[in-house]
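In what comes next, subunit A is part of two complexes: it sits with subunit B in the first one and with subunit C in the second one.
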Partner chain A sequence: MSLLGLSQLRFLLRARWSTLSVLVGLTLGVAAVVAVHQIGSRINASLEMVGLPHLDGLTELLDRDGANLTDADYFALRARWRAGEYTDVRALVPMVEGQRVMAGRRALVVGVDWIAASSLPASGSGIDGRALIADGRLLVDGSFGLRAGESIEVGGASFQVEGVLDADLGGLVLADLGIAQTLLGLPPQALSQIGVRRSDPYARASELAERVLPGISAGFARRSSGWQPEGWRARSISAEQPSLGFARSVVFNVGALGLLVLVVAWFLIYQIAIIWHRRRRLLNDRLEAMGVSRIELTRGFVRAFFLLGLVASFAGLLGGVVLARGLGAMTTLAADAAGQWPPITGWLLLKAGVSGMGVGSLSAWMACRREWGSGSGAPTWILAGVLLAVAAAGVYFPVTGLFGGFAAVLALGMLVVAVVQPMLEALRASALRLRGRLLNRHALREVAWYPRDLSVAVGALSLAVATSMAVGLMVESFRTDFAQMLDQRLAHDLYVDGGGRDLADVHGWLLEQPSVDHVQPYGRARHRVGTVPIELGYSPLDEAEAARYGVRGGLGPGEALVSERLAGLLGADVGDRLALGGGLRIAGVFSGFGEAGYRVLVDESVAADLGIELVHDRLSVSLAADDQVAGADLDARLLAAFPGVEVEPRGRMRQVAMEIFDRTFAITSSLTLLALLVAAIGVHNSLVALRLNQQQGVHLLVMLGVTAGELARVAVRRALGIGSVAVALALPLGVLMAWLLCAVINPRAFGWTVDLHLALSDVAVPLALGIGAAVLAGLLPSPRDSAGEI
Partner chain B sequence: MRIVTLPALLLTLLIVAPGCQPDEPAGGAMGEGTLRLGAVLGETDAQGFARAEAVVPFAFPGDHGPHPRFRSEWWYLTANVQNEFGAEFGVQFTVFRQALAPGPGPANPWLSNQVFLAHAAVTGVLEQGHWHEERVARGHPGVAGATAEPFRVWVDGWELAGRNGGFDEQRLSVKADAFAVDLQLDALKRPVLQGDRGLSAKGPEQASYYYSVPRLSARGTLRIGEVEHQVSGRAWIDREWSTSALSSGQVGWDWFALHLDDSWEIMVYQLRRADGSRDRYDHAVLIDPYGAKHPLGADDFELEPEIFWQDDDGVAWPLQWRLKALDRELRIRAAVPDQRMETSVSYWEGLVGVFDMAGRRTGRGYMELTGYEG
Partner chain C sequence: MNPVLSVAGLAKRYVDGSAERVVLAEVSLEVGPGEILAVCGPSGSGKSTLLSIVAGLVLPDAGLIELTTPEGTLRIDGLSDAARADVRRRQLGYVFQFFNLVPTLTVRENVLLPLELTGRGHLRAAALQRLADLGMDDRLDDFPENLSGGERQRTAIARALAHEPVLVLADEPTGNLDGGNANLVTDLLWREVRAQGAALLLATHNEAVAARADHVLRLGAGAV
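Let's look at the complex of A and B:
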């Protein structure tokens, strides 16, 4: 090994405390990235199960925009394709779909020409259509409770179940095209849509990006491909499955928070690299005088951090796997695999390596550039202007999607970090005018006296505190709105779910019970508003029922309620008309937190007019006010009479919903705490460096008669000062970030807006945590060996 | 000769292909192309299908059309053509019909129990290139089917049809991504019934009904990429239908259809056995300029590989052969080494040149090699 290399290694060993700080900070950063990657991959894998399998491999669906579609249309389209008209089309697959009641529940029957579909590329959720063609069998989803080999009686004919799809897809029945036509009572020439697979030059890149950064596809606003054959209407497959986009948005959000921890870790390492570089200045100057070039010195310095990054990558990988397991167990989305050790894939190794070694090397290189003046860079005000422009663009242009939203958050965070040093420099001038006791003045002046040494650590602490505050504010605001929604919706005493089964018999039984005051039936069907697939809910929408959705006076004829997500997608509001049936007037927009799809609610009469066969698979029950005691055992009697149904009392429903809510956000809280921890390590490291730099001054103070207790108080005041500067910056940043999360990122990710509630506790606790972290970092004694680090 | 060729291979694949069993969830993954097509192409159980067991009189034009009582059937056309500058090309077009279930089709054509698979390929000798494409479609009149009167076989935009409704004057129209073929074909010889009056035995219980139109004139256009050629030459048509698969011990075959410049044709095949022994069902037919056939049994001819070509996967394909039949001794050599059909089923099928032992060109033809991939 070269002398330079040995020198670097010795330095790492001598500066044990700083080395440990780098390792711990970077390990935590890598662990966060690894954990969110694994959680994201697991969620992505589970999405394969909830996607509609017959749409797998397709890019668009074509229909005739309201006109009846026949197989003659399909053959004409196919002939044009085969004649070379649509060069990027790779497959056309005719389909028929419709709803009918099968096995006592509403089913979505989908027929596919599996021969045409056989040219689609194989994928994880692809299905084997062989038996469906040869024997006219069916594939059903898990909601039917059927097993392979069993039969379904439909219209006097028996259809054998070939297999059961693992997921509950809401009553999906897949069949060969002709069989589906038979099931739906359609003539042989009737088709519903044509599935299209077009070549996508970016598909491979997108797939690769999704493997490296799960959820990234949700980061950009969806745009239509613009492809539309003449006389046809094209619908993108992603719009057909909004739940997939919803879940990927969750993955993206979690991934962004994971990256935040790495960013904070990057600041920490950068800070340490600067300190180390400064300490080695004398040595480096001598080496330069002896003929060693700065390039060689930089290379040696970067190698040292690369080595630390390598160790941190391995440690972070292991830590991340443990963290993923713990966080996975907390969450609902990844709960299916809770308790299992997540797999370590090649992509994960790559990501851990790039995160650890990349961040380590980059920090060292940046420190060299900064300290040797070769990277003077742009003035702060230009950098601030650019960051503000990025933030403004991310907020102002919805087309930037989630990516733009998070870019705005990150840009604001970087802005705060960028202004710390000028702010400390400004404070230094003010510090000269400080009055009061000498030791107090000494402590407070020190805060602003070394802006280059402290700025990055203070900025990182600000960012971590601001993020913690923003996430806390957003979650609590969300929680408040969610609780309000539950209180509004859970207006009945008991809820009965038939799991898709028609509950007419249960309804009748309940009406006979003396303790029951009212039974409200609910049903749902798949429908479309224009090209958008929706769940159409129906119930007798009287005044009381409409009030559950915040609408007074009930619904008039030809009126509907729409979920906020759908209203946002359509750009519609109260008073507008929906392209549904003859055009329904929107009487109200209701919040639908947690709904992955789009929902419209109508009165049963409207649903019947739309040609929907009414099936009620859910009931809500109001008990007689004077008979709550007798009603208390109603659920037990109901279960005894109808063993297949699920019954939940209101209190339990609310409790479960809130538990799910809290579990969902457990990941975000954990990651922000992790960021705070990394920032605290950074602050402590900077304070240790500061303390070591000031040892001569301290000796002077001791000689002047300052006691150990007074020195400790100086340390606390100094840390308090640092913490105060950090939280002063974090306060506006945190509130701004909270607003971004509620008003920009939430609507873009999920289609709903959360009203920002500025609760004092959610502001105060992160600020207190920030100051506490700084004070703790200041109070922690310098490691015994740290004197050797100078 | 295709009784034991591609459909049989498809059926063999079906036997070994893992698939969706009745008692397992069907949400599992589809396999890659081969298995998926294998999955589509149905059962190995011959129950309910007619079998080629006895000599029956052929009736034309009806027998040019489909025989849905049998499970498998194919229309096979190869042509060796040249452009006005003498550049040589090969054309292959094959349509397979496979019944998924016996019995007549239901009234709703979307419930058809027939699947059609088409392979088209072009070879350019000057370009040393081979382009091929595959199409598969349900037996719905709107997209794929076959009729005897008028004669027409079509699969998803590709078509072989009688120009006047008959079989003697046909037109082949194929437009693929990389190439296009539009040929007019006129029969120069009458159909030749292969085997015993059309009953072609390939094993103790394996046989097909098989006839050939060994010589047709071909002229028209052939496009490769953006370059279009006016071409003319000779073509060969095979028709075969059966319900049989490979017999045990047979692992593949080597098959040739050769046009000799002296107006003779040769059809020869050998069935390769796993133990390397000669199969007694190997067969050859020489057809003289007047259309009379001269059949040869397994002991009456010699067919030996001379030179092998190894592909990227390490598979060695015999691309030069020596054939000795009657008083003729010929050398058969692939015009382009890589004429593999990498479709649902992988095999080698391509243009060959025929030479005498002194190296003089004496004819052209097509060669088919299967079962070499282990």
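Let's look at the complex of A and C:
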């Protein structure tokens, strides 16, 4: 090791406390990144299992835009492809699909030309459909409750179950093309669509990016490939499975919060690097006088932080794995995901390494540039202007997608960090106006006296407090809207779910019970509005039922209700017409928090007109108002009569829904608290540095007879001052970020808007936490060995 | 006339591992009201340690330190931490070579700080008048960083005497000043201490300054 390197290493060992702070802060940052990666990967893995397996490996679906499609069309298309017209196409797979009732439940029957599909890359579901080519073989999903080798009777014919998919896909039957045509009663030449796999560099890059940053593909606005063969209509596969995009949005949001912890850790390390650099100034000056260049000094300094980053990367990797399991245990997010925790892959190692060593090295390099004045020197107002422009662009251009939304959040956060130093300098300029006891004035002025020592740590604390406030406000606003939705929807006393099975017999039994006043049946089918796949719900939509969705009066003929997510996608509103059947008028838009797909509700008569075979797999029951006691054991009797159904009373439904809601947001709350912890470490470190740098000043006060108690009070007041500056900046930032989360990020991620409710407690608690963190950091003693760090 | 400060048989040694270093051995001195005692000696002779022990910041290994105040005579080496801090607050004033002033307080506030600590607000007008007498009346709202070395020491003198202590301790007060300013500060310190009737214990290695004191105590390797 060179003598310069040895000198750096000894400095790290001598400055034990700061070194430990860097390691802890950076380890927490890396751990957060690793944890959200693990959670995201697990959710992504589960998505592959619940995605429609026949769409694996495809990039587009082609149809004739409503016109009948036959195998002649397919052959014509294949001929043009083979003639070299579509050079980027890698595979064409003819398919037929439709719905029919099988084994008492509605099923999506899909027929695939498995020979053509064999050229597709191995899919996540691992299906080899060639086994289905033999006569009468089917592959069914878990919802049927069948086992491989069993038979299923359809229309007097018997079909053998070749295999069962693990996941419940809502009633999916996969078969060879001919068998599916038979099941659906279609002529042998009929097709529904052609699956296409194209070589798409964007899709490949997106797949690669997903491995490094799970959920990142949800960050971009929906992108159309623009590929449209003449005479055909192309639909992207991602649009076919909106639930995948929904879940990836969840992963992206969690990932963004994980990155926030890393950003706060970055500020902490940057601040320490500045302090270290300043402490080494005399030494560096001497070394420069001896002929050592600044490049060499910078290299040595960066190398020291790189070394710390290396240690933090490993520690963070281990910590992140543990953290992921902890967070997974407290939330439904990971608990719902099937399978095991993903292994530690090379991608994850790379990510942890880049996070730890990259952030450490970058911080050191930035500190060198700042302290030696070789930075760009851009005035704060230019930086502020750029950050504001980034935030504005992210908000006003929807094409920037979730990335734009989070870029706006981050830009505003950076803006706050950037203005801390000028703000402290401005406060210092008005320090003379401070009144009160002189020791108090001294304590408060110290906050503004050393802006370069404190500004980054104060900014990081502001950012952490603002994020905590914003997430709290968003979650509570969301909770309020969600509770209102539940109160509106849960209008009945008892809910019966047949898990896809037709509940006609249960319906009849319920109507015979004297305690039952009314039974409302519900059914659902897959359908499309234009090219958008939807879940079409149907029920007798009378006045009472429509009221559950906030619509007065029943639905008239030719009317429909649409979910907010679908309305947002289509840009439609009440009064517009839906491309469904003969064109249904939108009578209302209902909020559908938690719905991963798009939903349309119609009266049963409309569903029947659309050619849908009516199956009711859910019922809601209203008990007679004067017979609630007799109805109390109705659920028990119902379960005894029909063991396969699920029955939940209203109160339990609401309770479960709210519990799921709260658990869903446990990760976000935990990550914001982690950011706050890292910020508190940063503030403490800055205060220790401040105390060390001002030791002579403290000595002077001791000589003047200031007691230890008075010095402690000075420390508390100074910390209170720091906390106050941090929360003063965090307050507007937090409210602005909350608005961004509610009005920009939620609509872009999930298609719903949340009304921002400014609850005092959600504002006050993070502010108090911020001040508390600063005071705690101020009260914590400086470790004894830190005296040697001067 | 009773001495303000009486030190007898003072000894102090430091142990560093197996090595023992005697800093002060059998030091005795007395300073009366209005008197100036200069403690001279080379670096490491124990001047600053002597001042720290008198101030109650460091406890001696042996010896007696008595301070005569309007409230009575106190044995500083026998007091608790809190009591010694109270003595420093009420009875002592300080002038140092560096770090003389609280950087976050203005000239006026630095001088008024001892009054606030001792609750002697009635001395405010006199303290500010002393500042004016020292030529600092146009710098009252300036912070120390904006002052010259001489101005800082003048402010420090005003601060050291503001609460009318019985004893002023000065550790190389002119060590950081050029010749002209050093003379000026010495003149002012002498004048103000004598005017107030306080005792001054001054540590210096400047023979010219020491020569102007009433008495000189020479320390060499910790001994008189």
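Operating definition for what follows: the second predicted complex is superposed on the first by the 777 of 790 C-alpha atoms of A that agree within 3 Å, B and C clash if a C-alpha of one lies under 4 Å from a C-alpha of the other, contacts with A are read in each partner's own complex, and residues count from 1 in each chain.
The working rule: a contact is a pair of C-beta atoms (placed from the backbone, for glycine too) under 8 Å apart; a residue touches a chain by one contact, two chains touch by 3 or more.
This one's a predicted model, so the numbers in the text were calculated from it and none came from an experiment.
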item	value
First, second, both or neither for A:R14, with subunit B first and subunit C second	neither
Subunit B versus subunit C as contact partner of A:A79, first or second or both or neither	first
Which of subunit B and subunit C A:T182 touches, first, second, both or neither	first
Subunit B versus subunit C as contact partner of A:A431, first or second or both or neither	second
Contacts of A:V706 with subunit B and subunit C, given as first, second, both or neither	second
Subunit A residues touched - subunit C or subunit B, whichever exceeds	B
Subunit B versus subunit C as contact partner of A:G697, first or second or both or neither	second
A:R441 touches, of subunit B and subunit C: first, second, both or neither?	second
Overlap of the subunit B and subunit C footprints on subunit A, listed as residue numbers	none
List of subunit B residues in touch with subunit A within their complex	19-20, 22-32, 36-37, 39-40, 42-43, 100-101, 106-113, 115, 136-138, 140, 142-143, 156-157, 175
For the subunit C and subunit A complex, residues of the former touching the latter	55, 57, 81-82, 85-90, 92, 94, 96, 98-106, 109, 112-114, 116-118, 141
Of all residues in subunit A, those that touch subunit B in their complex	49, 53, 71-72, 74-75, 78-79, 82-84, 111, 113-116, 118-119, 122-131, 133-136, 139, 148-149, 162-167, 176-179, 181-182, 188
Subunit C-touching residues of subunit A, taken from the complex the two chains share	431-432, 437-439, 441-442, 445-446, 449, 696-697, 699-708
